[in-house]
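Both of the next two complexes hold subunit A, though its partner changes from subunit B to subunit C.
And now, the complex of A and B:
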């Protein structure tokens, strides 16, 4: 499978370095033979369809092909991106980021996404590049359109500036690196391309799910009209991105109280049953409270694999022979999609707050955003609505003091604190 | 010219380099290209895509036909009612694993059970089936109830395992426990901390389509479903299996969607053997109502196999 191929290649290269040229030739010949009989020449880069959703929606091959064709009409290919004006995307930026790595006529480097991002995020932005399976947390799958670290209300998209910040700072405590050295223009182009992949992924999900909504007289085919494809499928997705700039969380001033007093108030809230932070982050703040839950990306895979498992167990005795065959074919497809097009679901740990490592940024403002809106796509809930802005600020102050709190709930056991902070 | 002639040492280094970079390329192609373990992906039809793109980018292309939903001709309003009956022996409910806040959730040896299949022992009535109108040609104007609907949780269970509301109707999400919960309505913006003994208002802003899952991330065994419809034409069957949807437009064909949490149909669509109602494999049936009358579709039998045996 392709996420392993990098490593296989690398280790083979290492073997080859020590091998005689003769052996090298033999191996090479074998390889050539294998590939010649196996699959022929390298295909042009293509977007991988969301096969998990396709299997889940029980799409027929014709329906899968229709979705692929519609998406190609609306978004083009990885080498040749297209953006309808309704998306609000800037095609010249997309061209800088798209395609194979190459330099254009004036020596400007193109193919930025495949050079810097796709080995983790995948050519399709499905979070399944070749290295993805080895990383924890997994790289973001942009296709459902959920983003975590942003200045907007929980369910809103990130602003352009939010994504620029992520690319410049990276995500502390994860494998997502900083790309600040690429410079403004390239980061800007990459952000545009992330939005493009995300819109494409969301449009794909809407299209695949729409087959269920069809009436009998549609004969299992989506209408290929502008009214349906642009107004009903594309616009609702694109508008959410355009609205993000208006959805920035309003942050009032930090209340003017003594910092120690504020920390004490925040501490009370953190452990109390009004803010409930303790339930997940634990009495120690080490993130060892509620830790057997999944984030939304992993939950989708977990729930569906549970469903497929129980379908394997379900009795087929009342089915006709054809129904049984159909059922078995669907199960086989589902198993294959889960094995080849999804990463093994993993639980998510609430953050260890003793380490002072914050993925969404360490400024007090960043923490205010995180606590106000929670973390979209993750179990971490929003405190806004139940806590006042002043109370949120007190909690921010307490959270910021946690890494340096030596006599907190961990008690006088200083050495344990020291160890766990590392 | 001189540059082109390689010493033999250089040549072997060069050929080695070529060999293994080629091999790497070949292997990569073989492994990524073929992907034996993966499902075959469909190939887009290039030409069709190019033609379609043309029609999508030309403003006001072929959006002509279709326009407004089928014009509605009827007048007056009718009521739909019916009942779901479970056929077979319901399997025993699974006990849930409760490993947090046991003092509250499992006080005095209390056990929590999976609530996804609730069958009335006496009548066989199947509770928590959702029925909603897919589209209605006319929608009767009704006020939202001034008091918010209540969606409560107590002793670490949602009191309504399946909950229906109209888009725009305020819902008081309550927590009647002495411990904190968070309520997470997937597919909406709502995932909020609900302090002990407190509540917060949530007003759904858009439709859910099929019911969406509601969870508490602090207590992951807690699970419910919510369905929100713009026209409010939605009902959840009660403990005796019956449901009623009032104020529906009379004199037009209305297609209804039926859902159950355990259904093995696509997206939870519930199968039934009801040819007279045109019951489809997508769990839909069609009825035309008469003004000022209640149309009873009678008892709909649901086979155990439709709910996963």
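And now, the complex of A and C:
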């Protein structure tokens, strides 16, 4: 059964549950017809292996299989998630979010992730669901464990509350909508599941990279002891998620100066060498300072595809026959991974600061976090080392004034410029 | 004899159409698949137009369906034996009658509804927008003008999906779309208006009762159309102002803890 008819069956079952009896009879008839033509049992969903990383690390098929086996033991499957106590994840929440969309025995909706998230973020959380390629920016790939909008330092994980905020508010300026009306419990379950997918993705990466560190006597196989898997693979990831909860950036009060004065100071910093915001955000603040950089997710794919491309061009005359065969096989596999398991890399645009659209939230507090810690995964650097908190607040005030910057030339009646550009 | 049964069967099938059709409408209100509760000032006009047109088309529907039944029944070949059909050239009088009657009815409807249409789409209240609604795949982005009453100033309040309006006051919505066609639909307020990219469309209504109701998208706008759902809360002026202020304070937060109420 293909994906399409699977989707039709799912929706049909859902409609059936809510429809009135008369409607249900009609639909039942259609349903019977459809099951006769191939609508039957839902196939079990599976996580998709990180093929780009596997090709990059030159894993053998046996090694790929070993990674899959270990991951299934540690994290289960999309229909049946497992969370070891060390992850600190709540399995009951995961169950609400995991699996196919269905109502359980008390009529509670399950399978929230596949209902609301997976068409963009993918069942695996790799940001490659069926709709992903159409979106700009691409949906987030959770697997490297990088998150942009949070109240913690740049390299830290976000807190649970940070992710809840993102789900509630959506990310204006991207395709991520608000899920606030789902209610607290469902949003909470979804956030737990995002953390689960992210931990799983990071564990997968570290497993795949671990083969590189093996000794000869290991014979290319990772040890499968609980001690190794938990201590070496799981804990380093899980602990960083747990630590984030207490690592919220300390925000000093906004200095008590006149707002206009603060804006003027912020402007000076914006254009000055110390903060140098102008380098990327442009002299006009329109985000046109530079246009050919990549975010880290796209950079991974970009660098890898460049490498594969130059390997295609490299001379093979020095190689023995076996080496050549192996090289060709590796190239074929890398091409396949790039075509099927990665999205075409795209450049990232610095934010246009005159639109009054702030992806990570518009509160002064949010902007403070963005400038203080930078944006993980994006070229935006942390200013914490270079700027004092007061200076950061001045820039916050200046940036918040940009969409409404006064331009005397326009006359008293139209005091604001660049404001209605949605 | 077999043929006579076939004729009977088909005439009954055609008879079932008006019978079931009327039955569905008769039962619908009691199983709650009828018009949603009306909480708007102008909703009565819309609803009475709806009922009037329903009655009119209902009568025509029943009459034509009964005629169809009667013809299938009466002129069944098996029942009429060898009797040949009569050939006629057509009836000029009959054709004039069945053209003029619907034409008059349609013209009457067109004139009769004009006032309701003008109230909804042309007689805009003279005021600044209460709120700007920007539809986008797949959510409703809202912007309130803040205390100065002007959109596009630093005191604007930005929200998503959670529309609030005061009761018993004229509300003017400035409707925009960020991407594709959407439709701003408030079923309980009898308001439906397409949002068109590149246009600022004014929409107005007056709510007559406090409560929480659906705000949905009524124009297929992409795969997530079905979940492009918001909520409208109709509340007293005091509650509305308090809500605006609380939300604005949230938006202007400079510290992670919610600010203490200055009471």
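Structural remarks
The criterion applied here is as follows: the second predicted complex is superposed on the first by the 362 of 422 C-alpha atoms of A that agree within 3 Å, B and C clash if a C-alpha of one lies under 4 Å from a C-alpha of the other, contacts with A are read in each partner's own complex, and residues count from 1 in each chain.
Assume contacts are C-beta pairs under 8 Å (C-beta built on N, C-alpha and C of every residue); 3 or more make two chains touch, one makes a residue touch a chain.
If you're wondering where the values come from, they're calculated on a predicted model, not measured in any experiment.
In the superposition on chain A, A:253 contacts subunit C only, with no contact to subunit B. Looking at the shared chain after the overlay, A:302 reaches neither subunit B nor subunit C. Within the superposed three-chain model, A:240 lies out of touch with both subunit B and subunit C [touch as defined at top]. Shared-chain residue A:362: touches subunit C; no touch with subunit B. Once chain A of one complex is fitted onto chain A of the other, the partner contacts of A:290 are limited to subunit B, with no touch recorded for subunit C. Measured by the number of subunit A residues touched, the leading partner among subunit B and subunit C is B. Touch criterion met: A:226 reaches subunit B, while subunit C stays clear of it. Of all the residues in subunit A, the ones that touch subunit B in their complex are 1-2, 4-5, 8-9, 12-13, 16-17, 21, 24-25, 27-28, 31-32, 34-35, 38-43, 46, 48-49, 51, 55, 57-58, 61, 64-65, 67-74, 82, 84-85, 153-156, 209, 212-213, 215-216, 223-227, 229-231, 273-276, 279-280, 290, 292-293, 296, 310-311, 314-315, 318, 333, 336-337, 339-341, 374, 379-387. Taken together, the subunit A residues at the contact with subunit C in this complex read 20, 22, 116, 119, 131, 151, 169-170, 172, 175, 177-178, 180-181, 248, 251, 253-254, 356, 362-365, 368, 400-401, 404, 416, 419-420, 422.
Contact residues of subunit C toward subunit A in the complex are 24, 31, 33, 134, 136-139, 141, 151-154, 156, 158, 160-162, 176, 178, 223-224, 227-231, 250-256.
The touching residues of subunit B, when paired with subunit A in their complex, are 12, 15-16, 19-20, 22-35, 37-39, 41-46, 48-50, 52-53, 55-58, 60-63, 66, 100, 178-184, 186, 188-189, 191-196, 198, 200, 209, 217-220, 255, 264, 266-267, 269, 280, 282, 303, 305, 308-309.
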